Amino acid sequence: MINVGITGAGGLVGEGLVRTLLGHPGVELVYVESSHAAGKRLDEEFPGLAGMTDVVFDAPDLQKACSTADVMFLAHKGAQSMAAVPEILAAGRKVIDIGGEFRLRNAEEYEKWYGGRHTARDFLSRAVYGLPELFREQIEKADLVANPGCYPTGLVLLVAPFLKSGLITDRLHVSGFSGLTGAGRRYVEKTSNLFIDVNENIRSYAVLKHRHQPEMSDALARYLGRRVEVSFAPHLIPADRGILTVVWAEAERDVTTAEAAGICGDFYGMEPFVRVRKDASDVLLKNVFATNYCDVGAAADGHTLYLVSAIDNTTKGAVTQAVQNMNIMFGIDEGTGITGRFV
Amino acid sequence: MINVGITGAGGLVGEGLVRTLLGHPGVELVYVESSHAAGKRLDEEFPGLAGMTDVVFDAPDLQKACSTADVMFLAHKGAQSMAAVPEILAAGRKVIDIGGEFRLRNAEEYEKWYGGRHTARDFLSRAVYGLPELFREQIEKADLVANPGCYPTGLVLLVAPFLKSGLITDRLHVSGFSGLTGAGRRYVEKTSNLFIDVNENIRSYAVLKHRHQPEMSDALARYLGRRVEVSFAPHLIPADRGILTVVWAEAERDVTTAEAAGICGDFYGMEPFVRVRKDASDVLLKNVFATNYCDVGAAADGHTLYLVSAIDNTTKGAVTQAVQNMNIMFGIDEGTGITGRFV
Amino acid sequence: MINVGITGAGGLVGEGLVRTLLGHPGVELVYVESSHAAGKRLDEEFPGLAGMTDVVFDAPDLQKACSTADVMFLAHKGAQSMAAVPEILAAGRKVIDIGGEFRLRNAEEYEKWYGGRHTARDFLSRAVYGLPELFREQIEKADLVANPGCYPTGLVLLVAPFLKSGLITDRLHVSGFSGLTGAGRRYVEKTSNLFIDVNENIRSYAVLKHRHQPEMSDALARYLGRRVEVSFAPHLIPADRGILTVVWAEAERDVTTAEAAGICGDFYGMEPFVRVRKDASDVLLKNVFATNYCDVGAAADGHTLYLVSAIDNTTKGAVTQAVQNMNIMFGIDEGTGITGRFV
Amino acid sequence: MINVGITGAGGLVGEGLVRTLLGHPGVELVYVESSHAAGKRLDEEFPGLAGMTDVVFDAPDLQKACSTADVMFLAHKGAQSMAAVPEILAAGRKVIDIGGEFRLRNAEEYEKWYGGRHTARDFLSRAVYGLPELFREQIEKADLVANPGCYPTGLVLLVAPFLKSGLITDRLHVSGFSGLTGAGRRYVEKTSNLFIDVNENIRSYAVLKHRHQPEMSDALARYLGRRVEVSFAPHLIPADRGILTVVWAEAERDVTTAEAAGICGDFYGMEPFVRVRKDASDVLLKNVFATNYCDVGAAADGHTLYLVSAIDNTTKGAVTQAVQNMNIMFGIDEGTGITGRFV
């Protein structure tokens, strides 16, 4: 049994972690922290959980948590993880940070895009980027995993095979289309998440200014060993969940749709959670809904290449990918507790 | 291990059964029949299943199926189950029929509402109505279970406590509001299920003429031992899944909201899959999404009583309730494979 | 030309009034007030209006407004209209109040349901209930019109023919289903109007406690001359606009669907904005979207009667009905500026 | 008064034309043809029109139509217009063809992308491409106008300023995101338009194979006098109406967001139906809903340029643009009958 703690469990990611880990056969929840909901039952905050758990939210007490938990999932907002990570590691426990604080290798870049000071710089080099399909061996040995952002997950898995093979190079133009769970459970005034502003609508936001843009670039650089320029425009679509990622490129040579799919197929081989679709139009949100899958596809004509991937932003884009990382870190079967989907 | 067969597995209910049973620890799928998809892989027909199963649809061969399956789920359309049920029972196997052929006890009523001849009349009295919360003991001993319709599931669980306690009597006015999976995977010309006809819309259909109206009446009569008149109006709402059921009544005496909730609470006690909500406004589709739960609630003022329930039409309204019935019939824990929800 | 002023023009109703009145051939906008947006261009607050108007929001100055406006539409929140109405009437101008302050005839009832003190009690008896189909002659002569609430509009037009004819009596059980524009442009914490809480969901709120419940009762009493008990449950549906209203009743005698439609047809005759549908399933939101129509229909079996109406909550339920009232008050063709719909 | 005829009026475009032209002060509808609905009232086929018109669909009789109509809108499917256009022009009437038959200048290209033989080749050079913002002077003198496709309208208006100014050159990568009215009123099996397949989903279709790809290229070539390569991927989004068009480009020089907006602003100047937004995130479907506007915006960083436009596919993308063309062809004010939006 892996004893698991969660901080910031009162948000959407926290709810998802609780749901998923309650059904994970190798896990015991020993600490479920929420500062705003401490003392409340989980199913009072998340009425959908009624009947599934009697657990009560813990008040913040990291020291106590570290005395029992083998691994901590950090799901709170922002800066708190920069304080928590050193403490947890010092106690000899493992950490999976779901926020953005340990995803960029360079502290200056973090400070430029995130706006605050990075107070745990020494740990950046220790953090492994938790995208199992590209960094599995490092994750196996890691005690600090930075769980990828939702948009970077969809993008990096999509383009890695083509950059690696040299079919495409340098500069990427990335359009992402996300459901609204990405905006969390609270009202966001800028880029409103009210129903009447989202329904029957589609729009971009934070074009060329989103924090996931440098993360995409840095994650690819970790993998390829060279810098890749990324320009990124996120968009909101009227759906709860899922991200479709679209990339156009001019390839280094003529290529067919079948060849492009073949490059992906060769690259991912037996990967359990990446599915290569023959036709780009078979890459769609419904097929990955509530799963840990990333579906990828391509269409080509001459040099021109259209690439597309689909993930569920709350599962592969956050919750189940974090559990996948935990499974790898603890040497148990990678798909435990995150395979399938309940109807 | 329970060896399970499914007929008509190429529809939405079939897909749901396959998904659910693949994750059921006590089940082996031995027959997955579809006349239109025979020979195709399941994940070719249902691309969302890719990576989860290598199973191929069987061609219809009930005799062979009965040689290996302990229980057959019948998910095909209409009349076929009247031929299949006698054959399966003769082979000593159990049956859970998900269609409407064995839900009404009276063959004439079936013929009036369903329009064809009932060709397995002798088996109607053998069929147990598969609503575990009211008929669990009969289900335990049954070899033929008629899985309830989606609307009747939501209605019967909602009103049973109030009719049983005598707080309300006789005639029920029932409004049901359903998502579109209820209409299946194919185009339905009458009451169009096209996106542009459903989105940003809400409408009734088949008011006072829906087959689930006599089923509601008959199921309540089975339970109460007396006839209950039901008038039913179904409506389509712009959502994939879920049914909200609304009933207004004038009670036999003054009652408070708390008393009404208390009547439900006493009635359902420790039932694992019915949740009584304190406030009617806490009964909503999102909380039961993709689960086997039925949430119920009430509001009262003087004699006037507003009752409301929520189920997911594809799970509690069909697939997971069928599995719940199987679990009961085979004496294993009732919630096996149908508890929780994957994120 | 009618010179028109609008207060509280910075909300959804204000936006709708501006849009509608800009296209009204007999109207000049002379005062468009918003306390929070004073000095801003309308199309800065409502970017969809860009290119249609150069008007700038006025700061509150009722006195100045009354010097030029022939009629004031009051669209601000709550209590302000109790101060404004006496002032406007004293200046010899007409008022159409879109809030709830002048809809109930009884000040005590207002205070019970709205929670504050009514500070313009003497004007309640002067206010005409602005439902043209029932009170047209009074509206013609009125200088103070209380524009009906959205839910009461749909309900009163639906049941008036049946109560008037004596086919149904006394107590009404009313279920209303509304799109989200009813909740306005701002975040509402209780009964969240966030996308992820509304989408793929349906729920009740304020059951038996909504302010429109006494309004329904009082409006019917105005018309019938006798008290009618109303119990009301509103629900939110995942759509921007529209209200479907459902009423079940046991009629005084057996009735057919055709007879029920006939009663409506006779009652409404040549009414320009009520359409009687032959089949209840033809009453649906899409057909009334963005129009001033109320569609009504019925289904019957024996004594049992299912009644249903559809309106657009922002047009017939607020904006265009207010303009309809203005047209009547100023003796111009009732449909001016509110007929049809733009694609 | 312009006497107007419509062929193929039984589809969504036909319904839109009828709605729009009923409200057009300078038009008389003299012929409303539908082969499948001939003899039916319009409001029987389109119940939303009840109360607005008593018109009955005409059976096909082009000769008779040409004896009264000054202009014919051709809204039927495909090949019929190749027979109709010569006949109408021979009768001295004007034509606005809403199908794709006269949009490409080259018959071979038409046959390659549309699959049939072009039987009115001689008229291709006579057809003017009906995008008023680029071809107004030609439209004024035209008797045959090819109304643009929905996707090309959004794309051409978006990129024309940047190609013209030389800021971007040659090859365009175009992603379009469309609501479902684009798929018409009937079931489309391939790329299903059923609610459950569209809702909570987003997907591409016909990538690099859509007929609007050569139309984009040809329309730009008409305007610029040189060939522009276009690669196009359309996508379906869960919404009724609207198209968002996204283009990424590497500019010939560094450019700021403000400069990019300025280029658009200078280009469109006083155009009544193109609105240049300062921020790309202000380009969204809701602001153009049911209007004849095209909103455009840009974001830039160094050489990298993100361009985005929004139109309503049924209005600017078809119906109201066709009426805009008619207004120009008949020398009346260009915005007559298509300005504003009804609430």
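For reference, chains read A, B, C and D in written order, and residue numbers begin at 1 within each chain.
Keep in mind that, in the parts below, contacts are C-beta pairs under 8 Å (C-beta built on N, C-alpha and C of every residue); 3 or more make two chains touch, one makes a residue touch a chain.
Small disclaimer: the values here were computed from a predicted structure and weren't measured.
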item	value
Chain of greatest Cα-centre distance to subunit A	C
Of B-D and A-B, pair with higher C-beta contact tally	A-B
CA centroid of subunit A to CA centroid of subunit D, Å	40
Interchain centroid distance [CA atoms averaged], subunit A/subunit B, Å	36
Subunit B and subunit D: spacing of chain centres that average the CA atoms, whole Å	46
Sequence positions of subunit B contacting 2 or more other chains	197, 199-200, 238-240, 286, 289
Interfacial residue positions of subunit B with respect to subunit A in the complex	16, 19-20, 22-23, 47-48, 50-52, 200, 272-273, 275, 277, 282, 286-291, 293, 312, 314-315, 319-320, 339-343
Interface residues, subunit C side, partner subunit A - complex	180-181, 183, 185, 187, 193-200, 238-240
Partner subunit A, residues of subunit D touching it in the complex	171, 173, 175, 177, 179, 191, 197, 199-208, 231, 233, 235, 237-242, 244, 246, 248, 250, 280-281, 283-286, 289, 299-301, 304, 306, 308
